[in-house]
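Quick one: the structure is below, and I'll ask about it shortly.
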Amino acid sequence: MNDKTLLNVKSTRRQVLGGAAVAAGVAAAGTFVPTRFAIGAQANVKIGFLLPYSGTYAALGHNITDAFKMRVAELGNKLAGRGVEYVMLDSEAAPPKAKDNTARLILKDKCDVLVGPVHSGVAMAMAQVARDEGTLTIVANAGADNITREMCAPNIFRSSFSNWQSTYPCGSVMLKDGIKDAVTITWNYPAGKQMMQGFKDSFLPGGGKIVKEILIDFPSVEFQAHLTEIAALKPGAVFTFFAGGGALKFINDYAAAGLQGKIPLYGAGFLTDGVYQKAGAAANGIKTTLHYSDALDTPKNRAFRQNFESNAKRPADVYAVQGYDAAEMLRVGLEATKGDLGAQDKVVAAIEKATIESPRGNFTISKAHNPVQDIYLREIVNGEEKVLGVAHKALADPATGCKMA
Amino acid sequence: MSDVILETDGLSRTFGALVAVDGVTLSFRRGQVHAIIGPNGAGKTTLINLLSGELPPSAGTIKLRGRDITRAKADEVSLLGVGRSFQKTNIFQSFTCFENCWLGAQSRLPTSMRFFRPASVYREVEARARRAIELCGLTHRCDTPAGAMSYGEQRQLEIGMMLATEPELLLLDEPLAGMGSEEAVQVVELLKRLAADHTLILIEHDMDAVFAVADLLTVMVNGRVLETGTVEQIRASKAVREAYLGDEEGGGH
Amino acid sequence: MRAGPIGMDFSYYLIQILNGVQYGFLLFLVASGLTLIFGIMGIINLAHGSFYMVGAYLAYWLTGVTGNLFYAILLGVPISVVLGLLIERFGITFLYKRDHLYQVLFTYGLILVFNEMRSVLWGNDVHGVPVPDLLSGAIPLTETQSYPVYRLFISLVCVALAACLYLVIQRTRLGMTIRAGASNREMVQSLGIDISRLFAVVFGLGAALAAFAGMIAAPVSSVYPGMGEHVLIISFVVVVIGGVGSIKGAFIGAMLIGLTHTFGAVFVPQAASMAVYAVMALVLLWRPQGLFGKA
Amino acid sequence: MPRTPLPIYVLLALGAVALAVYPLFGDVFYVRLVAKVMVLAIFAMSLDLLVGYAGLVSFGHAAFFGVGAYATAALIAKAGIADMAIILPVVLVAAAVAALVIGWFSIRTSGIYFIMITLAFAQMLYFFFHDLPFWWGADGVNLPRRGLPRLAFGDTVILDLSDRTVFYYVALACLVLAFALLTIILRSPFGRVIVGIRVNENRVRALGYNVQNYKLVAFVIAGTLAGFAGFLEASRTAFVAPAHLSWHESGLVLVIVLLGGMGTLYGPILGAFVLVMLEDWVSGITEFWLLVMGLFVILVVLFLPNGIAGLVSTLAQRLRPPKPDVGKPVEREVEAADV
């Protein structure tokens, strides 16, 4: 374990370079204690993050990491009495590197627990290695349905959502709003298609009609031609999923093309999360569904947001919540065995039974290890996000194909 | 007199607005040494490049042994038995002398698309390469990297490489360029030897050498053929004297 | 499901053509610099797309500082030119006599450095740049269809720039040198023209054009990591189609690709990205050196 | 003609032996990493045949790597075929056909044009696998471990690539075989011609060789070998994604060739080794791995144009009595542009 020194340098340097002051004490306390032997319950728990720290998704990776560390810091920098140590590996959101990176965290860095990726492609590759090696893994964002469906495994949990889950309630919402036909538009990649499937699963059986399904090359953001087409088709509404830069551009283009206010825009929550603040007036009137809202007015959420912002000097978001809850899930599991990860089946059983108290509201874990959670309906009103209510109470992913479900 | 091996009809080549070769009609007879002379920029090298297929002509035709080769590429022309040497030494510097000639000799295999047998098992190629080296007088330099040989030797190798392809017709672009007088003598001797069983088309500035080896001379000026004739005829031509030789002789020849 | 855009009306096609042309104009700004740098300097510059990205991020940053995109452009273009000149002086200079392989790898290394510096300076977030108020409207064409004023503005500015470029290249002394350089590099060198100054001017001009394209496109494309590489590769295709060193070729290639991309996205959405390359392959079948390349 | 000196062969043989015994005592993680290096080395060697020997700077070589990987994945995941006796021929033919078509377009050009066209065609294939629904889209596909290629004789499984140790030794054997194959090809008449083409294309043409045909064949050989490397990569990670064909991958393998030293077959092996180890080391220290990589590439271009192999031979020459200059492999001899 002579790479110990490297890891220390890394952790501290990341704190400085990333400007992430969250739980700096944790990192120091956690990493400067030499842990020559990671055997038994006395040594530190070594947690490996495989998250994007560079490129388009870097902000997500940092929020998940910092919120995770924040939760551990709240617990006195210990999980079930054991110290905590972190290894952070940049996934570069590059699926081909995911298997080698996962192997590195497990085999070289000897991590006890993996906290998983943002990118679905990375997640699938990571889940396969984690399943082979049997390492406890918590997926803290990637929503690929398969992870808790056909690829589900006892040692793999998700603290976030499944793609299907985040859009399924929206179909009913639109029908209730009196919309009879819609155009769907998203990127031509698995996440996009899964999001659309969730929407269709409720919109079509309820009598809705889909006028046209538009798929755009990922990650192209040239929407203009398609918006022109939508304007000509004049559907009752547009349902969409984009995230990050694509979402911002879509919202702006939608308004610039004169469609805002004429054809209502619905979408998965990622369309506006972290985006509406930058989009300004162009985002007004957009309705989305998601398992969280920045505007949730609960004591738990208020405290969480305040705490995160004072630590990280930037506002919390849904990704931070998912990182925070990943730490909470790990705490529940570890406390059941007094910190002994060797008894993995007991750890798993404890997490399966738990009710996680989350800033998003309490949720439980399904047999397939995906959260069973409330999905909120949100709307952007005058540049602010408003929670209109719960679109679907305690929604569980169908977990099709999972042998554990 | 022998029959015609190569002939051109109205051969022209332009580069943008510049007419480098302008309506050249010539015929070259088998077994002869036919020198092409003219001042710099007369279009001699371009003419050689057209004949060897290096450049496509803008107009006119080229016939080799009566067959039209106007559109033939350099490699096709070479396979028809036309070798060429370059004015600027154009050998493989990092190869040995032998390897340079080998590559020339190997081109006469039915195909070089052979992947698994080492090149060295092809005895006939080796024999051909050695013959060429001997002919150009470089046997003692066989295994020297070409880049390490003297300039004169490199010029000889330039010709040797061409000989390794066993051509019938040789296009020689200033074989004496940049040589000292002793080296030049050697190459002139080589040219004389080659003239015995090859047809030579020769561009050369060294008039002594040209007069020593050439059977027939063509004078080119500004891309055009001014006159063609024997050494005596050209020496006697008034037009040539005015356009070209006059200067040279006035210059102390 | 209604089948695609069949039966759409005239205004629909008009808008789609405008969309394609506007995209083409942006590509032209990037590709013209690229083709000039190829043609005159003999340099293959993979980092050219990075100037586009830098331009966009400068637009974002300076718009935030000055409050207006126009001021951002006024300040940003000189910054990009200086950056371009620095890179030419302290980087590209070493590559003039080197094989293309080294140029490719050197500028590939530059891309990585640019990306990481961008990450350090501006982070990895995606940012929007507001359209200037003056140009924020849309021109209504039918009940639901309209065309954003700002996109029209982009096209007009690009037309003006293309015209300027044409006049400079056809009518001025500098332009004459550039034309001569593009058709025969050795000749220019032998004519006693200060070649290192010419190279610097060309590289600076290329950098300025690409950065300007990034700036003016920022409000419609938003600003995101990796935006330069996408534009770079498409611009390569434009240059290949037009022929290395030909501004005219770059223009026609850019329009062709802009329209192909737009209509491809509408008619064959599954193969829109491939359509662009298919067009390139077809052009190469017909003319291996590109439309206006030297044979 | 550049020749590999005997001591190098001795060192290479020792290296192969060292690789063969490494799994017996090596750390599991590094054994995995070495397997990755070997696959990458085969891939880089195939590119070196183009760049270092035939003088064709391809910036789209990852396309064939990806075609090989996708052909493997399609047979396994779509058709449920795990038999190497079927997978391998399909992979090789698919990669060869792709190389033939792309080569046919690209070979007709040279220089900057060639670079851009190979890049553009690789991008086209990237989108082919990325956009068409048949190919699993942007996230790629995970292959079932149990479905990975194996070679069976009747009911007896001889080689099962899902076994890490078996894979390691198969990759090692393939590396040695690829090295031997390319060495043989370079010594053949064909090899002599393509080496000549790199040094001086016009002269080779003037000697009577149809240069285009030789280039095309070299392109196809290199593409096929790259496809084979793609097959190994798909078997190694049980994962295939469009990113395998991305232009960053093409850039990376070009960096490996240059770093190791082009025009030598052992150069790419060294390059792959150094780059992978460097990444492993640097990404443990800082998250700015790509910045380090970028600066590293720039420095190599400026100060190590002949790569590690070039450095080694320079050092060797200093130790030995001075020999006549054999000409730099970097520069091309330029044809006089006479009129």
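Letters A, B, C and D name the chains as they come in the text, with residue numbers starting at 1 for each one.
The rule is simple: contacts are C-beta pairs under 8 Å (C-beta built on N, C-alpha and C of every residue); 3 or more make two chains touch, one makes a residue touch a chain.
Quantities reported herein were computed from a predicted structural model and do not represent experimental measurements.
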item	value
Least step count from chain A to chain B, where 1 means the two chains touch	2
Farthest chain (mean CA position) relative to chain B	A
Pair of chains joined by more contacts [C-beta pairs], B-D or A-D	B-D
Distance-to-centre winner among chains (Cα means, whole assembly as reference)	D
Rounded Å distance between chain A and chain C, as computed from the means of their C-alpha atoms	36
Centre distance in Å when chain B and chain D are each reduced to the mean of their C-alpha atoms	41
Centre distance in Å when chain C and chain D are each reduced to the mean of their C-alpha atoms	32
Numbers and ranges of chain B residues touching at least 2 other chains	none
Contacts with 2+ other chains: residues of chain A	54, 188, 217
Junction residues of chain D, two or more chains touched	127, 130-131, 288, 290
Chains grouped in pairs wherever the two touch, ordered by label	A-C, A-D, B-D, C-D
Chain D - residues contacting chain B, complex	1-2, 184-185, 187-193, 196, 199-200, 202-211, 213-214, 217, 324-327, 329, 333, 335-336, 338-339
Interfacial residue positions of chain B with respect to chain D in the complex	15, 18, 20, 41, 43, 45-46, 49, 52, 54, 73-76, 78-79, 84, 86-88, 90-96, 99, 102-104, 106-109, 112-120, 122, 125, 144-145, 147-148, 161-162, 165
Chain A-facing residues of chain D, complex	27-30, 32-33, 36, 127, 130-131, 136-140, 142, 145, 237-239, 241, 243-244, 249, 280, 283-290
Residues of chain D defined as touching chain C within the complex	51, 57, 59, 105, 108-109, 111-113, 115-117, 119-121, 123-124, 127-128, 130-133, 247, 251, 254-255, 258, 262, 288, 290-291, 293-298, 300-302, 305, 330-332, 337
Partner chain D, residues of chain A touching it in the complex	3, 6-7, 9-10, 13-14, 17-18, 53-54, 88-90, 92, 94-96, 98-100, 103-104, 107-108, 119-121, 124-125, 128, 132, 144, 151, 188-191, 193, 217-218
